[in-house]
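One chain, chain A, links the two complexes that follow: it is found with chain B in the first and with chain C in the second.
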Partner chain A sequence: MDILLQLLMSGVALGMIYAVIAFGYQSTFATSGTLNFGQGEALMLGAMVGLSLSGDIMGGPYVNYWLMVPLVLLFGALQGALVEFVGVRPAIKTKSEFGWIMSTIALGIIFRNVAENVWGRDDLPFPSPLPTTPIHLFGANVLPMELMVVVGAILMMALVEFFNRRSIYGKAVVATSSDRDAAGLMGINTGLVITFSYALSSMSAAFAGVLIAPITLTGASMGAVLGLKAFAVAIIGGLTSGLGVIVGGLLLGVAETTTGFYVSTGYKDVPGLVLLLLVLAIKPSGLFGKTTIKKV
Partner chain B sequence: MLVINQLKAAYGQVQVLHGIELTIPKGQVVTLIGSNGAGKTTTMRAISGMLKPTGGSITLGGKNITGLPAHRIARIGLAHSPEGRRVFPTQSVRDNLLLGAFTRLTFGGKRARGDIQGDLDRALDIFPRLRERQFQQAGTLSGGEQQMLAMARALMLNPDVLLLDEPSMGLAPILVEEVFHIIGRLKAQGMTMLLVEQFASAALAVADYGYVLENGRIAVHGPAEQLRNDPKVRAAYLGIVQH
Partner chain C sequence: MLESPARLAVAVSQRIYYKAGHYNEEMIMRFAIPKRAAQLLGAALVTLALDVIAADPIKIGVSGPFTGGSSPMGLSMRDGVRLATDEINKAGGVLGRQIQLIERDDEAKNERGVQIAQELINKEQVVADVGFINTGVSLASQRFYEEAKIPVINNVSTGSLVTKQFLPPEFPDNYIFRTSANDTIQSGMIVDEAVTKRKFTKVAILADSTNYGQLGREDLERALKAKGITPVAVEKFNIKDTDMTSQLLKAKAAGAQIILTYAIGPELAQIANGMAKLGWKVPMVGSWTLSMANFIDNAGANSEGARMPQTFIQEPNTPKRKAFIEAYLKAYHPANGRITSPVSAAQGYDSMYLLAAAIKQAGSTDGPKVRAALENLTQKVEGVVTNYNKPYSHDNHEAISANIPVMGEVSGGHVVYAYEEDRKNPLHTK
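Up next, the complex of A and B:
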């Protein structure tokens, strides 16, 4: 029982990381129907920039972890805006249905190559801002950093939700998501809203990067698998449902940790991906995906 | 107020408008009538920037707005209540109305802020059904209520010119009457409007001036009164073109 609880808790922390990255996939899909397949690399860049700022690899530390986080968020936002401007905007303009897929993948590979050259190919340790001794919680051992992952992830998603509901700019983002042409008629610059959603998307990935880096290792290749699994989470939960990515993330996270322990670590990725296949076969819009009701 | 000169527009390779001339003077209601597929909605879309014209020019209050994106045309002061209502279904009625005032609420919007709360109240007075449902999701409204919302939302821009595309489409007869009553009220308040309507006789009754569109060209135009008595126009109401 204790072990199961332990596995559940680790699964939750991992799942929330997936949820944050998947949240980023959702934000661009909502406004533009496109996705940034370089999300994993955005996460990696966030972690590497964070390590350069608050670790000792680039002659630092320059700032402590808590001051580094907002800087990394800013970096992530700029990086996302760049991806939109270079890779996605031309594809949207020419109404190319698949152009953005190739260009975001290509940009992701470029970012990884750059990272390999700047920071090397080896994984590096990321100093933890919180004590690394586990604390006791309901009979399980939890790293303080794992708790912070959960709190940070929920906080970020809650803030974005609050922004969308309460501010006129957030309402404009939601309006752009539901009807881009009509939003334009309201005077909303929908192109700018799409750039913003890419900035938000990469910002959430970079945030996930600095949250997870202290519990794993940091390196140029850390993003690829995380980005892919988060994509699976976005599909499982539904690309249109905010709640869906949290549930999907938790499902995948817990499935991984429990399979890793009870079956074999070699198979830990299997149940989540089987779930992905099942969802695609039975409910392609995702577990919580909405099909919009249109009144005529 | 709004002057359209030799306007041409196309969907892909298909030319829909072949050089349209329209003038909408300040404070007047102008109606555009014609059969299905004549290009009425296309004209509206080309004016508001939903569709990029392929030729001609459009000036709004002396400013050349030809080819500008929709959001910039809205900021200059043109509101368009589009065909098919196009309300934001997941957001509340109130949020839809606030989005109509987006250009007044934001820094880049450029429209004078004015009394937004007052305008919101006035919009809800004109459309009391919306007041009852202001916190409801717009997607849950009936078709008629959504049409009211689309009109109210366009008014929230506090526009210099208002385009209304088929405001009575799909409505019950009693609501159609209400919509025309509201258009009459807006006219009395001095609103400049371009109205596209399937109920051509009702549209000509409320309008000052009318244009008849046939296959992407203006066939006849004149004061609304005169058009109502024109036998050729009477034929065009029914979508029958006699040569």
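Up next, the complex of A and C:
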């Protein structure tokens, strides 16, 4: 029982990491129908900038962890806006179906190469802002930082949800995602809304980066695997559902840890991918996604 | 692209010689140059050009990962090789010629290794190659050197198969040598430490899913079997995995008293950190990569006490080692005065000295002659790892025997001797 509980807890912590990144995929898809495939790199950049500010690798520490977080959020927002401006806007303007896929992937590779040149290619430790001794919770061990990942992820998603529902700007985002052309006719600057959604997407990835860096390792290649798994989560949960990414993330995280223990660690990635295939075959819009009919 | 002025001179002078001697006599007559004089001029130019060639540097390839996850090993190896080369060149070089290193980054990728091997052999025309950190890259690239009859000294790759790819009768001569402790030796030492010295009977193996990890796991299982022990858990993980909970819980549930590892730095750190998280502390013993700086730094206090076989520990306990450490620190200034991968640096340094000695003995840079000299090295070579007295024979291309490596232990962020008697009695020879 203890073991199952431990597996579930670790799975939840892992799943929430996936969910935060998947959330970023969702926010841009909602407004513009495009995705930022450099999401993993946005996460890595957030973690690296965070480490430069609050770690000692660039002659720091300049600020402590908690003050660093808003700075990283700002950096993430700017980076996302840049991706949108350079990679996505031209593709949307020319109504290119696939241009944004290539350009966001290309930008992701460029960001990774830049990071390799600035920070090197080695994995670096990220000093933990919370104690690293585990806490006992119902007979299982959890790191304080893992709890923070879960709390931070939920908090961030709740804030965005609140913003969308309660503020006038949020309503513009919602309007753009339900019908971009109609929103444009109503006087909403949909181009700006799309830029904003990219900023939000990279901001959430950068936030995820600084949240998880103390429990994983920080390095130029840290985003690659996470970005890919989060993409699977976004597909499983549905690209249009906020609840979907959380459930999808938890499913994948728990599937990984439990398969690792009860079947074999060699197969731990398989159930998640099988789930992905099943979802694509049976409910392509995702477990919680709305089916949209594309009229031609 | 001019390869070298000397070669151009040869080409030009040969042309003159040819024209003067045999081909275009009327032309020579028309320019009123006596035939004999033209021949002499041509011959003189050829000799001159050959003299210039004789002073040409000896080109030696250095291939390893200088970027990516294995780069701490690759860069330390390269710096060790550079250090030895500088010393040899300052002392007058080999056969009166300077050594020139042609360094290439294989990025720890097999296909890059293959490309580089072909470039070094065909374009750069290297005399020999030292390097290779990753067993997979060694196995993929060496075939080209074997076919070109160019000797290779693997100075870091540890896979047991590395030196045994080209054996008689299919290949009469093997051109692949090694200055590192192979996995058979290492797994033997790991099992000896866990089972014989520390009397554990329930062991778990954690290995990554790469060639390195899985071949090492097989070696470990074989060594355990020889002691009559079956591991209680054998677990696997991928590069970049961040969560080791299920692997560790399986080992814990099976009652493991010790964890044996075959993986590289970052994932080893995740294992150590994962154990701390589960509040489960058992000793960790594994392959030499537990000495990697990216394991020690990323695991911090959780890395304390991890043990691994080492051919060299940064401790000036012989005059040669003292000189090597001082020269290395002076030349490359590693952070905190700690060589990133001391083992790679020392093995790289020794590989270059062995190669230079062989070229000197062969009196030539001809591949088969250098190979023959390596297999019967009459000069004793004082190295950092050990003193090499006939390190190789025709059928044994391993310079490091089982008695040479010692157990290292992580202590205070450094790798130190696990056993005091090894520190006091530092030098073992084959």
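Observations
Convention: the second predicted complex is superposed on the first by the 291 of 296 C-alpha atoms of A that agree within 3 Å, B and C clash if a C-alpha of one lies under 4 Å from a C-alpha of the other, contacts with A are read in each partner's own complex, and residues count from 1 in each chain.
To be clear about the criterion, a residue touches a chain if its C-beta (ideal position, glycine included) is under 8 Å from a C-beta of that chain, and two chains touch if they have at least 3 such contacts.
This structure is a prediction, so every number in the text was calculated from the model and none was measured.
Looking at the shared chain after the overlay, A:V151 reaches neither chain B nor chain C.
In the overlay built on the shared chain, the residue A:I215 is in contact with chain C alone; chain B does not reach it. By the touch criterion defined above, A:A172 lies against chain B but remains apart from chain C after alignment on the C-alpha atoms of chain A.
For chain A, the partner touching the most residues, choosing from chain B and chain C, is C.
Look at A:L159: by the touch rule set out above, it reaches neither chain B nor chain C. Of the two partner chains, chain B is the only one touched by A:G184; chain C is not.
Contact residues on chain A toward chain B in their complex (touch as defined above): 168-169, 171-172, 174-175, 178-179, 181-191, 292-296.
Interface residues of chain C facing chain A in the complex, by the touch rule stated above, are 67-69, 71-72, 209, 235-238, 240, 242-243, 245-247, 249-250, 253, 265-266, 269-270, 273, 276-279, 294, 297-298, 300. Per the touch definition, chain A reaches chain C in the complex via residues 3, 6-7, 10, 13-14, 116, 121-125, 132, 134, 141-143, 212, 215-217, 219, 221-222, 224-225, 256-261, 264-266, 268-269.
Of all residues in chain B, only 48-50, 69-71, 74-75, 79-80, 82, 86-91, 95, 98-100, 102-103, 105-106, 108-109, 111, 139, 141-143, 146, 153-154, 157, 170 touch chain A in the complex they form.
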